[in-house]
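Each structure below is given as structure tokens.
Here subunit A shows up in two complexes: once beside subunit B, once beside subunit C.
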Partner chain A sequence: MIVLRKFLRAFLLLLGMASAALAGPYEEALPRFTSDSYADTDAAIGAVAASGNPLAVDVIEALRDGRLLVGSGQVFIRRASGDLINAATGQAWGNPAGELKPVRLNNRVRRAIEAALGSLTLLNPDAAKRLEAARAVFRSRDEAALPALEKAIAQESHVPVRNALETARAAILLSKQDAPPTQKLTAVQTLRDRSDQEALALLSNLPAHAPPEVVAAAGKAADGIRARLAFWQAFQNVWYGISLGSVLLLAAIGLAITFGTMSVINMAHGEMVMLGAYTTFMVQELIRSYFPGLFGASLLIALPLAFLVAGSVGVLLERTVIRFLYGRPLETLLATWGISLILQQGVRTIFGPTNREVGTPAWMSGALDVGAMSLTYNRIAIVVFAFSVFAILLLVLRYTSLGLYVRAVTQNRRMAGSMGIRTSRVDALAFGLGSGVAGIAGVALSQIDNVSPNLGQGYIIDSFMVVVFGGVGNLWGTLVGAMTLGIANKLLEPYAGAVLGKIALLIAIIVFIQRRPRGLFALKGRVVEA
Partner chain B sequence: MRTQYLFDRQTVLVLSILAAAAILVPAMNGLVPPGSALHLSDHLVPLLGKYVCLALLALSVDLIWGFCGILSLGHGAFFALGGYAMGMYLMRQIGPRGAYADPILPDFMVFLNWKELPWFWHGFDWFPFAALMVLLVPGALALVFGWFAFRSRVTGVYFSIITQAMTFALMLAFFRNDMGLGGNNGLTDFKEVLGFPVQAGSTRVVLFVLSVLVLAGGYLLCRWVVGSTFGKVLVAVRDAESRTRFLGYRVEHYKLAVFTLSAMLAGVAGALYVPQVGIINPSEFAPANSIEVVIWVAVGGRGTLAGAILGALLVNAGKTWFTAALPEFWLFALGGLFVFVTLFMPRGILGAAGDLWERSSRRLRTRRSPQPFTQAAE
Partner chain C sequence: MSIFDMTRRNLMALTAAALVSSATAQAAKAEETIKVGVLHSLSGTMAISETTLKDVMLMLVEEQNKKGGLLGKKLEAVVVDPASNWPLFAEKARELISQHKVSAVFGAWTSVSRKSVLPVFKELNNILFYPVQYEGEESERNVFYTGAAPNQQAIPAVDYLAKEEKVERWVLAGTDYVYPRTTNKILEAYLKSKGVKAEDIMISYTPFGHSDWQTIVADIKKFGSAGKKTAVVSTINGDANVPFYKELANQGVKATDIPVVAFSVGEEELAGIDTKPLVGHLAAWNYFQSVDTPENKAFIEKWKAYTKNPKRVSNDPMEAHVIGFNMWVKAVEKAGTTDPDKVIDAIVGIKVPNLTGGVSEMLPNHHITKPVLIGEIRADGQFDTVWQTDDLVAGDAWSKHLEGSKDLVADWQTLKCGNYNTVTKKCGS
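Showing the complex of A and B:
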């Protein structure tokens, strides 16, 4: 029996070899994988890719993943399921003879694989795959992919993919030694139109054999790209500044309300932000355990809760402590500092000193590309959110009776009291409102910062600066203050570095306060001391 | 009349307690044999010395807050600057005994691959120069900062916030390695001060006694200042700044003078602090530290000078005990103290004690400490 089986196997082997000898370039290329030489493997990849055989993609992908096995002069693909198929025929191959070894790879082979896969998938029906393939070819700059590229460009109808294909062709033409100069000039043109970091790198690192007129054109194009990138970089920095300004605005706007009405700096304000962030954490924990489907809405659910939690802590604080310190702003500052220490330690005791994980809903991840800028969705959401909170507060202060009372007390406490406004109740509500807004800010900040007991500490000095810079009694001052500080900070950063930029800004504010001791938008009154 | 107030009952009491400390601590450390219940172990001496330095810092804050109504939330900066000036002297004293054995450059500069001493390090190997800088650097900063702030009438909460911004900016700056002051790690590994080994028990006792003497001197100086005509104007500024200005006083000059003096006192406190603690690093600039100093003053009794000393000693002793015994609860205790003192003991321990004394003796006496907390006129 054994003899018979051996005979059978030898026969089948012979049959396989015979069919290989009979067939086209694909089958001719396959045995070169078995020679265990990198040069042969490289050549085989090129031949397989060019053969047009439907199995070609499978073979090369298997090679990339170490699933292309050779043994007894034959090539097999191991499927992810573990089944073997014969690479030559695509038939399942149950029980191979002898030991199978994966085809070995080195970096040269890997590059060849990437280029081959790139050109193979250039004709994939899926546009996303084609785009990816075009990018792979662009990176590998493999001259062998040029014919496939030309073919793909000719039949491509999707504009972004077509653009990507054309830049890939331009990249290859530029590095190809024997391409005619006119083609190279067109390639420079194409890359100039693409005008991003990669194109710039290509244009400024031309190969030594490039003709002089191409070098000149490339230099000019590179300068143009640099100017354009610098232009967008400025926008990007301004955007970062707006984003930082929005964070500052969120953190400071509640402070501005409490400071405005009671001329009290609430040192525990940062802890209200922290409470909001921890509320978000709690909401997400509950949703994860009980209603996993609602996770996308977790932040929206957390918003009112954070407002309530921080707001009620604020009202409690006002009723139990700050109420007794009217007219003594410096003492209030100390008492609220004490409260901030207690809140920090309380949260540390309950939740532990380490950072807590707050997830980002799917709709907030990803980025939007505008020109050469990339705007992440969570930053966009925070900017939009900060401005909405600002607008809502503005409306509340302008059109509700509470807002009217708050403004009256801010402008002249005694007169407001004489007109029948219960100033102490307004204080409590304003304090609750300010703290609640801080809680909402905490929900937003939980997305971009570590949720830890020290979260509030990081914002308190910056928020003071915003309020002092903008002036009290006017929310627009807070807006202008936050945006000015945010943008100035980010514009300084590239030149001075993060720390020096911040120091410069602090000094600038200290000097500014000398010029306008009551901030940008000071209330005009007739009191000598306020 | 002029000198009488200098040596009233409170002053005599404070000075005698300080004198007793200056005698008892060395005696209990050196003369009482170890094992006796009265023996003061070697590690307690620098701890007590540290408290004394912090008391001097509290005194400097009380001078401006208690008597002139200037709440500085950045006094830790002056303290730290004095400390850095002293630390630079101590670094230069290390000489070739550092880990890299460079005769001139401190270790951290060798580590950063610096080739020569930055210009502002020159002179610090000479003690009188370093001592002068201990006074001049904080004093100059206070003079410039105060000149800008008081001239444009930045007062109250606004002043507190910009002092906080000042110390925060300095902290960020000192954290940078490029600053040339040791960056994150600060200055440490000191070997000797004026030729005496820093670690030795006897040096520490001497440093303690010196700190107590300086504290006593600082206390007398503050007493003298607040009792003088100048001091009366300060109190007037505190209670009714505009009225004082309308009476023809140049309020900003008075504020500037006392602010600068207070900063120099804080600098001296820092300079005495560094050799006893053995390190100075940028965290001394942290805004939270400066706020804590204010609570020491509030606990002891704002505007009493002796209260500042008492408060600093009590709170720091409490901190040492708490952080060892119940580390979880120290921040609760400190936070609760802030709230309790501002709500229920606005005049601190000494103020409350004075009230009790007055009520029980029912005698009309002229107040020794000026009455604080008159509401400013609008």
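Showing the complex of A and C:
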């Protein structure tokens, strides 16, 4: 591929020199964009990039963004403002004759664009663009970019960009046939310092022409990187576990109140999560149409609303159905299961059966690199959020009067009633609280899962598992249960695969429940009803 | 438990009685219409995909009636809801055929739902049009497969990646059930026959509705950084796709580095995701909404007008139903009757235009000819066709790449057999 492109470039250069009096290589290359063939577009990009024409970067960037238009054999650039300019002359173009179509892209063309822009924007005044350019050159390993790279390294003052430039140079030198061995050895050193997956790939796939001392040094460096990556892999798996555990915690914590403290088997709990996710969708739709500037805060706005929506549905449910069924777990189970089906089909009728798109605010995209680990921002946000919800709930139960009443009713309903607590009102509020918390879990889950009528079903079994495993009636048990299940799942998955890992975990829980039927943190003493 | 059983049985008996009485009351009226069964889930997990197909069928029936119906009679669609419940598919199929006396049924989505209705269609001798891409390895007298067989989707997609993207390392990722398992078995055999080494193939299965993709996406990244160009061939089904693609975007796996080609992701599935980070990932189908032909333009216009929703998308299984329905109409006209035996004989060789500018033909193995299109995801949630076969590809009921199936052929015209063994010269393998 690269060889071919270089050959083409040389060929076009020759062609360009022959007709230099008429038109340069740039003008020669432009018409190739009009042929609607990916191979031609690819070749044209190389030629435009090598031409040195001041419009080259504009043309290639326009191509990347779908703003390079062709029509009646000519090429135009559409500016962000909407104005058209003729790519050949750089002059404004008022009314194009005929229909203009954007030049089509595929992955091959996108890679060529990336490589070309890489070598062209190495000296861009914007440091972020320079960094991107250095990474692009690292990936393309285009030997022709070496002089530009040397020049950029000489004048680069920004440390991260300079490091990226140096790794790019090292990557090129390693694959370059005629580079002296001393340079190659330095390149191995540079890549060893970089010490990540990509460096490892380069070092363990040296070209056949590499001198023996370079091969030996690269082998040693690769072993070092492997050891380092294996070390970090363990932390990475634990992080995945914590992040899965947080999702489980969010889904289960509402259930820990309704099932754990009120002993209501609420099969419609998953649907409360779903209602929260749909509330997020509605909030985002409104924000998109009326206040587009607020999109970054859409999730924060959705949180109280999701709590209210799911919470009021929960209170309604408790008042109209569940309060007549206290003490009859089997009937509660069947009734709430029916309600869950009704809620699902209701949402399906209103919003349609297909998934709804919930956007991710910009501050939740991307990843943070710690050592050789990569922590994505949306997972970090969910972990932080899950622990905050847990802490707030703990405080509510510990320090508010509602919390006091709930604990009193949980421990001894009749005694609490005799003390003047309106137990039925406390039941309704506690159920509303549990459902509301499920609703705000839905806001978080809308970021990582489908927003569809089936959203809740995927979490109901896991939620019950967490609550039962952690110990009924204890929030701390739910926390420990969720984290244990999450981390165990993620540590098993790389060895056993996703399917077997899940089966192994289920068997482990069955065995555990046989040994300790009341879970990890069982309530003891008089509190436990016979 | 026994009490539940009793009540259920009583209920069923009651319903059946009610239906029979209403059926006799309508008997005189029933003479005037030809009934077409629509067997798609309108509730439960599969409603997400199947509800659209029910709407398409209703539109096609309405359109046919505007043209004057069929054999001088009006068509009538009978819609039932098997609720994503596999045994219920069989019950509902029986209800359509025995009680409603339908002439043909259009329906089913998952392979397991198709397998569960097969015995019913055989026993009651009726016709099923199955519109979804599937794993192949089957050919039944009563079933017409209008979706893609593996050689009309999976194999060309892999060829495209090897040729155009120079892919040398393969991740075969799928949901753990029959379609991905069989497709991956065929693909693995095919790749190995092309000289791909075992260590360059990674196979990974996940449960239905899998939502935590962190580990698997990280594994794919790791597998892909071994210095050889890597691609993911995804047979991940339905609901699990959205979290999978979201995780790919989050971990920064770009299509220019590790492209993902999917066989179960179409316009409908993409409607629930922000596709900007996914631009360039691929899908292989026999139809895309973005295909620029007059037939497709007309169809999309009608579809949007019928659903009264200008944003409604169209997809591959919808086209399969359009082709299947038109073939059935032509076959009934040719046979002059809706009698299933006559229609089954008449339909082989029938040709109808598809929506991508070609003419599809029903083959003796009850599969059809289709073009294969490879599309890249665009920022607006549509696909841009980057490659397509020059000609239509004939669907193979039995894969040429699997031991035990490569000697089998299906031919319901001359051999009257769905699994004729060309080595032993016997029907029934």
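Here is the rule we go by: the second predicted complex is superposed on the first by the 374 of 530 C-alpha atoms of A that agree within 3 Å, B and C clash if a C-alpha of one lies under 4 Å from a C-alpha of the other, contacts with A are read in each partner's own complex, and residues count from 1 in each chain.
Just so we're on the same page, a contact is a pair of C-beta atoms (placed from the backbone, for glycine too) under 8 Å apart; a residue touches a chain by one contact, two chains touch by 3 or more.
Remember, predicted model here, so these are calculated numbers, not experimental data.
A.B. asks: Name the contact category of A:Ala216: first (subunit B only), second (subunit C only), both, or neither.
C.D. replies: Neither partner.
A.B. asks: So in the superposed three-chain picture, is A:Ser452 touching just subunit B, just subunit C, both, or none of them (first/second/both/neither)?
C.D. replies: Once the two structures are laid over each other on A, A:Ser452 reaches subunit C alone.
A.B. asks: In the superposed arrangement, does subunit B or subunit C reach more residues of subunit A?
C.D. replies: C
A.B. asks: Which holds for A:Val499: it touches subunit B only (first), subunit C only (second), both, or neither?
C.D. replies: Touch status of A:Val499: both partners.
A.B. asks: For A:Pro517, using the defined touch cut-off, is the partner it touches subunit B, subunit C, both, or neither? Pick first, second, both or neither.
C.D. replies: A:Pro517 sits against subunit B, while subunit C stays out of touch.
A.B. asks: Touch test for A:Ile392: subunit B only (first), subunit C only (second), both, or neither?
C.D. replies: Neither partner.
A.B. asks: Would you sort A:Ala128 into first (subunit B), second (subunit C), both or neither based on which partner it touches?
C.D. replies: Neither: A:Ala128 stays clear of subunit B and subunit C.
A.B. asks: Please work out whether A:Leu244 is in contact with subunit B alone, subunit C alone, both, or neither, and reply first, second, both or neither.
C.D. replies: In the superposed model, A:Leu244 contacts subunit C only, not subunit B.
A.B. asks: I'd like to know which partner A:Pro353 touches here: subunit B for first, subunit C for second, both or neither.
C.D. replies: Second partner only.
A.B. asks: Under the stated touch criterion, which partner chain does A:Ala335 make contact with: subunit B (first), subunit C (second), both, or neither?
C.D. replies: First partner only, subunit B.
A.B. asks: Please identify the positions on subunit A that touch both subunit B and subunit C, taking each partner from its own complex.
C.D. replies: Residues 344-345, 499, 502 of subunit A touch both subunit B and subunit C.
A.B. asks: Within the complex, which stretch of subunit A touches subunit B?
C.D. replies: On the subunit A side, the touching residues are 259, 263-265, 267, 321, 324-325, 327-335, 337-342, 344-346, 349, 461, 464-465, 468, 499-500, 502-503, 506-507, 509-511, 513-515, 517-518, 527-529.
A.B. asks: Write out the stretch or stretches of subunit A touching subunit C in their complex.
C.D. replies: 1, 38, 104-108, 110-111, 114, 139, 197-198, 200-202, 204-205, 236-237, 240, 243-244, 247, 344-345, 348, 352-357, 359-360, 365-367, 374, 376, 378-379, 447-454, 457-458, 489-490, 493-494, 497-499, 502
A.B. asks: Subunit A touches which residues of subunit C in the complex?
C.D. replies: 42-43, 45, 47-48, 51-52, 164-166, 176, 204-207, 209-212, 214-216, 218-219, 221-222, 225-228, 239, 242-243, 246-247, 249-252, 255-257, 259, 268-269, 271-274, 277, 280, 376, 384, 386
A.B. asks: What residues of subunit B sit close enough to touch subunit A in their complex?
C.D. replies: Listed in rising order, the residues of subunit B that touch subunit A are 71, 145, 148-149, 151-158, 160-162, 164-166, 168-169, 172-173, 175-176, 241-242, 287, 291, 294-295, 298, 328-329, 331-332, 334-339, 341-343, 346, 373, 375-378.
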